[in-house]
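What follows is subunit A paired twice: with subunit B in the first complex and subunit C in the second.
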Partner chain A sequence: MSDLTLLPILLVVVPLVTAAFLLAVGRFVGGAGRVLALVATLANTAIAFVLAGETLGQDGRPIRTEIAGFPAAEGGIELFVDGISAVVLGLIALVSLGVLVASFDRRRQDSFYALYVLLMAGLSGMVVTNDLFNLYVFLEISGLATYALIASDGSGRSALASLKYLLVGTVGASLYLLGVGYAFVATGYLNMVQLEGAFAEIGHQEPLVQTAFALIAAGLVIKIALFPVHTWQPDAYTEAPDRVTALVAALVSTTAAYALVRISLGVFTPAFFEANSLIHTLLLALAGASVVAGSVLAVMQREVKRMLAYSSVAQFGLVVLGIYLLNGTALTGTVIHLLGHAIIKVGLFLGVAAFATAYGVRTVSEYDGLAERAPYASAAVAVLALALVGMPPTVGFVGKFYIAIGAFEAGAWALLAIIVASTVLTLGYVMRLLERMYFADPPDSSPVSPPAADLSTDGGDPTDESATDGDHTVDEPSNDGPSNDVSRTDTAAAGRISRPLLAVVIVAALATLALGVLGSTIEGALAATVEVLV
Partner chain B sequence: MMELLTTHYNYVVFAVLLGIGLYMIIDDENLVKKVIGLNVFQTGIFLFFITISVRDGGLPAVGKGSESAYVNPLPHVLILTAIVVGVSLTALALALVVRIHEEYGSIREDVVVEVLEDE
Partner chain C sequence: MPVDSILPLLAVAIPAIAIPLILALGRRPNVREGVTLTAAFATFATVASMVPDVLDGAVYETDLGTFLSTGLGDPIGFTLQADRLGVLFALLASFLWIATSFYSIGYMRGLDEHDQTRFFAAFAASIASAMGVAFGANLVTLFVFYEVLSIATYPLVAHDESEEAIWAGRKYLLYTLGGGVAVLAGTVMVYAMTGTTTFQAGGIAALTEDPMMARAAFALLVGGFGVKAALMPFHSWLPDAMVAPTPVSALLHAVAVVKSGVFGIARVVLEVYGPGAVQDLGVGIALATVAAITLVTASIIALKQDNLKRRLAYSTVSQLSYIVLGLGLASPAALVGALLHIPAHAFMKITLFFCAGAIHVETHTDDISDMAGIGKRMPLTMSAFAVAAAGMAGMPLLAGFVSKWYLLVGAVELDLAIFAVVLLVSGVLNVAYYWPIVYQAFFEDEHHPDPKPLLEFPPGGLASSDTGVEANSPRTNGGRHLATTAEPTGAAVDADADGPDSVRSDGDGDHEESVTDTDVTDDHVSSHGGGHTADSGWERRSWRTESTWFMLGPIVLAAVGAVVLGLVPGHVVFLELIEHIVDVATEVTH
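Up next is the complex of A and B:
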């Protein structure tokens, strides 16, 4: 086993061990928790970049690792990293790093950071594994960490949203497990590469194979939160602490969507969908409905977080659409859109966090004239919002463009129309927000509330300033439950945006621009991997 | 049909457990009963995995008699892991229910929703 094949294991083991030891060390060394979490996140970022360097490009080769020397042919668990998984791994590490910097706060409990790295372990595991059952375990690990993080501000509302998510999410994961059981009955394998061959051998129209796919897809679609099984998602995103929302919205559905790409194209292969046109049509219809319904529901929301949550339903509709167009162009678009959407959403939700903590604003109507009060944050949010619409030269444009070209190549005119319409629909809710921020007069009646005495900003150490937001801090656990109530004048408004938070939002905005310009480079780097899958 | 029921009753129980569990999760207003429903649902899936590992006249894979037929041990190992996952989820779910009860004084969803609407 050379050093390189060890790296995918480390991606899971490093955060897992950190999560376990962080709490123990934190008891003796104050503040060790967040430092250890930062070290683990940096380590994962470095590993992900090395793996990307090895697997991307024309001469990139997938890396396969057999755990503990058990050969995969005899039922051992195998890890597998190709170009697409390397990109998703890099995304997980970088977004975790960004959100961690934005929520670096000595007043947070160590348990928060333990859950944080546990989530990173679960998500990385889902991406590197080449074993269907192993994927289930990592799906549940990341699920557990997500549910706990969502309820981590201790409010009743977030506990209720989290429980709702837990019930629906566990049913989804259980359906996935049942699908794995059917696949195992049909073939006797759990390894994805072996399953691919075995399915082709026994025939894609075998009822056991069809059922296995239906159950696995149903489970993952619940986790991705496509319409109409998205109902857990808006509550969970809205009631969670702001920074947790940013992390969860950027990574959890994204990783589930990656698993769907892997299993649909790598295990069941496009031949399965050619043999089962009804399943194929149903999936495309589901994705199309998700795009339209998500966008329409987003336009109707008053609360900004809830609006962005519904927007994710629509954007993942596009992603799933890209998967089942079954051609290389659409798949490239899917991967780029997964990447772009995650960066856009982490930036937007952190922007929402910044505005909420600085000015106590949470609804669309409260965003009146924000650009005047917070020009830098507003500019970054505007760039991210336009990227969500798909404005060139942002990454949002590149992803949608490739998916649209893919639909054109596939001759799917109705779907092409939906993709184009989705841009207009997205513009509908994004412009409503930007128009308020830039062209509405700031309301006279709601001046910036003076900072509460114990939250005064002293302009000292920037990491101290991030402690002023009341977002899951030890001191004031119940002050933060976001409510649907329009009049939230009692929110402790800090009056200014913490610098690390602002920096991460601006970096996210610049990243969408940079990735947009580099669009064709990304396509070239992914080309070899995409060719294998489609 | 009767023969199928008498020889494959495990699969019938599996399907019934899934149905009961799902019904409890969806229909019951009591949050603790929802969590119990989730457990019933998962137990149905565990039963499915254990059933598919059985072979007629099979012995446990551990122990003597390596020449004779033995049941497939892999699903057993998988379900052992899945049970651990299920227990962790139940613990977390119950902790959330405790939190909800502290906040709203009830574990019935309809009552909690009423309290939330009054706020």
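Up next is the complex of A and C:
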């Protein structure tokens, strides 16, 4: 057993060392980044699976690790992995692996891969730690890595978006740190387990405790990007290089939401929210507003990436709703939705990346007739989009179903209405996209892509294409906005979708379907952990 | 008691497996259609093989494991179960899929439609999910397939890819998925209250403990399913969806999709709440009232529709409400009538749609006002139309009569004579909107058709008598009639009838242009053979040459089905199934 307690440390140390090694030695070796990053992600995946095997299920036990033999009672840092953390760890490792495979490119420098594994280290650290201050450290590590990755294509627009995120993100992290300070002043502890007991002892209505929670929650909510503090997020997602967007959208907010679960339920406990009904109501209202506002804003967007970014605002509204319904069913739903949403979004953003690289299309109106040009990628994106809507039998439905039952259990009628209605809200923006892809005629010849080449490679039907060509010579001589694309280093308009990228998108689509029918398995695996938390 | 069997799964899986095959065979249409036909026959055979034992009370079950589980109640299995009610629906849908498959081949090839691969694949997907709806053993499984059905049908509604078709598709998805939201909310409530969603004959007993909550959940469930059943005020997607190719209107928008809504209501009434509880809670009468209002209103609207498919659609809205009315009344006789009307309406309405499609393919005529004398051109088609229309109106010896008889008995039994009156009034209205079509087809002359006051005049009449002879002169181009010449005679008619015609029928852009351009009209008509022109009128053809047998065969088959159901209802498996279903459902509660 002593070996197992070392594994959570390795989850952080392996990528951290890889990153440092790449920066220090990498430039002398040359081209090692790709291989080492792959090794690190694979190692983390393996570790996460071992941990999951150990902590999930009825007889799964959480794993606690003391670092360097310092017991928590004496101020040492502890790591803690239970079923939910194991699931999130597995998600982080697998998504990192998938995006890494999809973003292999000879032109990338080692610094990119270094940042990539650094982000993984930060995120894994946030999940395994059992210490509020330590969590802040990892929050900043992952934040810094994200800022740098977003600006990594070197364009002015992405630098600006990154700066905006840096300013807002730092405010969020600082608020979180202030909150941790209050908690420390109130109790003298930083360890989550000790804090839980101490808070209960001094009373949940103590102003110091209330302030500590308010600041911590505010900081994390900024990182999660709930409405109305979401404004950094659409810019960051839109301007970042496409594959970075996929990684960030799938993992960064997800991990912050995990931290919110851990701190709200594990440290402050449901009793805190019963004692402070105003804070509770405010959080629920914020989450509900996020669902509605995010969806409405998403419908209004022209650019596909921005639309998906607003969609994340809405979906995380659902996640936060699930957390604060404060019952086991809703929490199960939250975890499933976190997991499902991450997979859906990584697939969708990679799909967007595929279309952008192959055909140079970025706006909703440019997606006309994509299904004919790239049938497989389009089908995968369609499945993912429907999963986002919450169509059964995909994972999007399962999460929503559990959260809805949780809302009923809590007697929260308005929230139940929002949760089920979010299906239709999501449909509003998803259908715009699918309609274009499947029921609009493709533009005759996009200025950036050689039409003949891409048809054959993707198995599209050349006769259809040529048949419709004649009718539309006058309609749309050019699509608005291709000038935007020129500045992007990512946009090579290669005319065909790279195989690894396509494979990852398809795997993501299949995963949403597979997880959709495994709802009860996941529930069973999480049951023991959830019971402890609620 | 349930017998473990793979058959229910097979009924869903066969059409599902056909989907990738159809997609893969897109370049070889004959093989692709072979796959469709094989799947259709195999599905029907699978369902039919279950009938004898199911009649005796056996229930076939395929348990695919637990789908969802919570601490609140029983785990929800992903279970397919072929009981009598499910077999009733599955048998009907799979049998008519065979007919529709042949018909689709004739129709799609006759019009040289685009994207036929997508069409046939989506069609198979729709049938697979309809089978799932039929066999879902609990509300959640049913809901899963119900939603998949909405998605699978969407490409068929938007098939034309015209602006209008896209909008019809949007409306369709918004309505049906919106209904799905209500069903989901209702399902969540039922599960949270009782800890189960499994269908049980006579209903889930624990459900009535909190009557207010039970009523709310009933409203959500029935309201949600009611969207697909086209209950007013959620019916308007159905007439708009008529922009889809006619085989879709025939099988999906007269049988599989709309009846999945009705079927959902039947499951809720019979096996979630139970007829007794539905009556005790008072929700049955409310449902019956909504249905009664719908069936009269829709019949009246149908009178004013000039586009044949739209008139049929409003007729569907009205006829579906017969079924819902019977389910709402929930007395044994009314239930028998309601359930029997599911196959009865299916056979009759599919005949009517097949006829409308055949007329469209052969003559490119969509509007009733252009169909005077069409009996000469399409004798067999119009005869079948006449038979099915008479059945719709409830003529004895035809399918519609038997089910309506039971419904009337049910209404009178409960001392709710008002509903009996509504049913009779609706019968009269049915005559009023079907008879003119039949009459003018056989007894009017296309050169001098009789005036059609209901179609040509706005409600309340005109101030001046400037309607002119113009409106009566025959039109050559199959559809622009009202838009181009009947302007002064009634904007209301235009608004309804003009829209669907202008872009619907043909995928190719050329046709749209030729419609507006009178010079091209003659070419257009002659190229399709047998349309009527101002000079020559309808060409006279015999029943052997009026159309391809890919279309005539299904028309005859469906019409014969409608007659058989009316002549010897006791010898067709449906009535026997239904009587058992109703016996069991009412026995438990009374």
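Everything below uses one rule, namely that the second predicted complex is superposed on the first by the 485 of 534 C-alpha atoms of A that agree within 3 Å, B and C clash if a C-alpha of one lies under 4 Å from a C-alpha of the other, contacts with A are read in each partner's own complex, and residues count from 1 in each chain.
Rule of thumb we're sticking to: a residue touches a chain if its C-beta (ideal position, glycine included) is under 8 Å from a C-beta of that chain, and two chains touch if they have at least 3 such contacts.
Everything numeric here is computed off the predicted structure, so don't read it as measured data.
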Using the superposition on chain A described above, determine whether A:18 touches subunit B (first), subunit C (second), both, or neither. neither
A:301 in the overlay: touching subunit B, subunit C, both, or neither? Say first, second, both or neither. neither
Is A:404 contacted by the first partner subunit B, the second partner subunit C, both or neither? second
Between subunit B (first) and subunit C (second), which, if any, makes contact with A:170: first, second, both or neither? first
Please indicate which partner A:517 is in contact with in the superposed arrangement: first for subunit B, second for subunit C, both, or neither. second
Across the two complexes, find the residues of subunit A that touch subunit B and also touch subunit C. none
What part of subunit B is in contact with subunit A in the complex they form? 22, 25, 31, 34-35, 38, 41-42, 45, 48-49, 52, 74-75, 78, 81-82, 85, 88-89, 92-93, 96-97, 99-100, 102-104, 112, 116, 119
Per the touch rule, the subunit A residues reaching subunit B in their complex are 75, 133, 136-137, 140, 143-144, 147-148, 151, 154-157, 159-160, 162-163, 166-167, 170-171, 174, 177-178, 181, 184-185, 190, 483, 485
Enumerate the contact residues on subunit A facing subunit C in the complex. 328-329, 332, 386, 389, 391-393, 397-398, 401-402, 404-405, 408-409, 416-417, 420-421, 423-424, 427, 431, 435, 438-441, 461, 464, 467, 471, 517, 519-521, 523-524, 527
Using the touch rule from the top, collect the residues of subunit C that touch subunit A in their complex. 26, 65-72, 75-76, 78, 114-115, 140, 143-144, 147-148, 151, 155, 158, 161, 165-166, 169-170, 173-174, 177-178, 180-182, 184-185, 188-189, 191-192, 509
